[in-house]
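What follows is a pair of complexes built around chain A, which joins chain B in one and chain C in the other.
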Partner chain A sequence: MKITIDADKCCAAGQCVLIAPEVFDQRDEDGVVVVLDDAPPADQHDAVREAAAICPAAVIELHA
Partner chain B sequence: MTLSAAAPAPLPVQPPSGCPFDPPPEFSALRTEEPITKISLADGSWAWLATRYADIRAILGDLRFSSDTTLAGYPLSGMTGGATAGEHRGFIRMDPPEHSRLRRMVTREFMVKRVEALRPEIQRITDELCDAMEREQGPVDLVEALALPVPSLVISLLLGVPYDDHGLFQRLTGTLLSRTVADDERALARTELRGYLDRLVTAKEAAPGDDILSRLIVEQQRTGEITHDDVTSFAALLLIAGHETTANMIGLSALTLMRDEESAGRLREDPALIRGAVEELLRFHSIIRNGPRRVATADIEIDGHLIRTGEGVVVAVPSANRDEDVFPDAGRLDVCRPNAQHHVAFGYGIHQCLGQALARVELQVVIGTLLRRFPALRPAVPVDEIPFRTDMSIYGCHALPVTW
Partner chain C sequence: MTALPLAVVGASAAGLAAAEALRRFGWTGPLTLIGDEAHLPYDRPPLSKQLLHGTWEAERLLLRSTEQLDPLGLDLRLGTRATGLDAATRTLTLDGGERLRCAGVIIATGVAARTLPGAADIDGVLTLRTLDDALALRARMTGGGRRLVVVGNGVLGCEAAAVARELGHEVTLIGRDPVPMSRAVGPGVGALLAEEHRARGVRLLTGAVDGFETEPGSTDEGARLTGVRLADGSLLPADTVLLAIGSEPAVGWLRGETALDTTDGLRCDAYCAAAPGIYAAGDVARWDHPVHGAPLRFEHRMNATEQGMAAARNLLAELAAETPQSAAPDTPAQERRPFAPVPYFWSDQYGIKLQAYGLTAGADQVETTVIDPAEHRTVALYGRGGTATGVLAAGLPPRQVRALRAVIATPLPWEEARERVRAATAAG
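== the complex of A and B ==
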């Protein structure tokens, strides 16, 4: 799994951080998403898929 | 006169008789038979009403459905919260790029780690209010004793609004969010709140403190990014949004758990379940009952219906969150529901609730504390005597007498 994000679209709702805190964080200056691990281990894949599905601004893209 | 000439029905707001926790029953039929339908608004105009989860996510996630209340066709009639189409309207009634520029000035204040750092303070406030409740002999109104003060104290602290003025801003907010007061009364309340916050912002300009409004003044107003009036608009938006919503979720959540001993018992046994339970309670109660609203800026097809440029759309959040296509057995409160967080109780799209992380922590703390400290908490009156807020754009209980 490979994660890419479109940070310009991020509205800093923070749901990805709640769902997958080992993979996503928010930057201090404005809460916009930061990817901590863009190729997360398998045990994180379900949480990352959930974060992508819930993201209100469709910022998180997943690639095989 | 033919049937087709009849005006469409208004937005359904009444829960089914005897079932105060269920959304208006019309929604379930609409989802099946006419998921995109027309409703009439208070001024005689009409708007589209969307009731299915997938359609509502499609609408709220599509920037061509505008939040700009100054655009022709925006369904303003019947909007509450001090609806204003023009100046001082706040960023929730704007589109990008201006919306994003303004929202990002405050997003860091509500991000997950900042809110988590507030958890001990929220717990302290909750404990003190619970101590005061315990000292009471007779029944207390849980809304007045706990549900309203917790979020009200927290947002006052964050914004730097003196909590001693809570009587004033709680009264004005109540008028602003009422669907049944006359428009001119709401306009007066809006002017009064604006005057109060205008004076507060002026005082902070002279002596900034350690709070959100002061940081906006120092970092954004003094650098020319925004004006004094913009800071006042931020203050109004955050103050209104910051306490009424969470307060009503606290009241309804407490009441449902008082009446659902099995769920309450599971949460008491395993407090780790409270996080998920809060998502389910948000889904189940869906307190936003008068929108969100948009206006189409292009001809857009949703679920086979063409919505034309300049036509208004109202989405029914409580209906989306009871859509069986997404939430099986949606009418049941299941504190372990695996996909509860897919709810749209905070909206969806770029306008999704700015304060959601704060609302979640407040709910987790208050519900967890109530379950632990008041295991015998129960309504002090029959449920049909509890005044539910069908007259407000945010559902809940006006008062909730409890005993233990």
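== the complex of A and C ==
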């Protein structure tokens, strides 16, 4: 799994960090998403998929 | 054994989330997604922000590309309206007259913008709910220096007023509540917003609209708007009026089905079920929130996705229980779960981002603390009957915002919440 993000669209809701804190974080100054691990291990994939699905700005894109 | 489809009615955020979740949770049968707009599923919050501002074009609002939609194998019916539902047989009627018998239905038809009598016949009076609405409003605001009257000072009206002002238009924001957004966020935060709007040059008025003034001779769009008449008799000259006076759940098409309660949305139980095999999600759904008690309905972007997913999971679990052999063999049995989210909404106005968790509307107790006026750093706590139910943050670092969410995830005694909010916002 490979993660790409469209940070310009991020609305800083922070749901990704709540769901997958080992993979996502937020910038201190504006809350915009930061990817900590763009090729996360298998045990994170379910959480990352949920984070991508729930993101209210459709920022997170997953690639096989 | 069943070849009946699942149908999702409504192809916006909630409907799309439901359709995707149905696939993710193991539905391999036919799946129909029905949307009354001609557009592929797109995101609505940017309509009153980036799209109106002109920083984003319409393509940027698409929630999924066609490459992302293709693998879902949807029978996608855009520009199609559902006109009826027979709940007992789970049969939809579509606007072309087609009847679609389904194994299950998820209703995510959202809401429609409220309007005022006569508005439709006037060139220059608009609402803002759909992409087409937003493009029409944007087209009227090119060039700057127009006179815009925004009727309604809730979230949508405030956001649109902010954008119009940033674009250099002359903006009047008029509401029945003297304080903007006070129903959603209370008078304290509302007063801060009012101050910012005034500082930016928006004229704030309290009052109600009595009617519109038009000039004789009409265009293709109707009589040309010249102004707004208020209930106190005064007249506001205007080139454009945006009606941001709330919305009505899109349940008119369900009214013939007596098995469903369509009072202020489609009434659901804690599992988002309106009837056997019939679920609802998003702005249209009024459901029993297991933590907050009373039936609730939210017009919040986050709720649309979360509830779409919950409705999908619970519908599949119900179907699996009805006919165990129809469950996909490689899918772990899902259990129906009450839908108990921590409600969340945000609003962007000028440089200010408000983020709220839990219930902030309808509070009988609000404590607003301005931590740093220059930076608009603010926290507010909301409660009812001595119980804290919601919190709002503006200008706070994300770690603190997440800590505030944790405080309010479950309602708690007011004094305890105050202490925890203070602790969460104490350091840097």
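General remarks:
Basically, the second predicted complex is superposed on the first by the 64 of 64 C-alpha atoms of A that agree within 3 Å, B and C clash if a C-alpha of one lies under 4 Å from a C-alpha of the other, contacts with A are read in each partner's own complex, and residues count from 1 in each chain.
Everything that follows uses one rule, which is that a contact is a pair of C-beta atoms (placed from the backbone, for glycine too) under 8 Å apart; a residue touches a chain by one contact, two chains touch by 3 or more.
What you see is a predicted model, and the numbers here were worked out from it, not measured in a lab.
Contacts of A:19 after superposition: chain B is touched, whereas chain C is not reached. Of the two partner chains placed by the overlay, neither chain B nor chain C lies in contact with A:7. Judged by the touch definition given at the top, the superposed model places A:49 against chain C, while chain B stays out of reach. Of the two partner chains placed by the overlay, neither chain B nor chain C lies in contact with A:39. Of the two partner chains placed by superposition, chain B and chain C are both touched by A:31. Of the residues of chain A, those at positions 9, 11-15, 17-18, 26, 28-29, 31, 53-54, 56-58 touch chain B in one of the two structures and chain C in the other.
On the side of chain C, the complex with chain A involves touching residues 13, 17, 20-21, 24, 43, 45, 60, 63-64, 301-302, 305-306, 309, 344, 346, 348, 353, 355, 397-399, 401-402, 405.
Chain A makes touch with chain B in their complex at residues 9, 11-15, 17-19, 25-26, 28-32, 50, 53-54, 56-58.
Within the complex formed with chain A, the residues of chain B that make contact are 60-61, 100, 103-104, 107-108, 110-113, 341-342, 346-354, 356-357, 360.
By the touch rule above, chain A contacts chain C in their complex via residues 9, 11-15, 17-18, 26-29, 31, 49, 53-54, 56-58.
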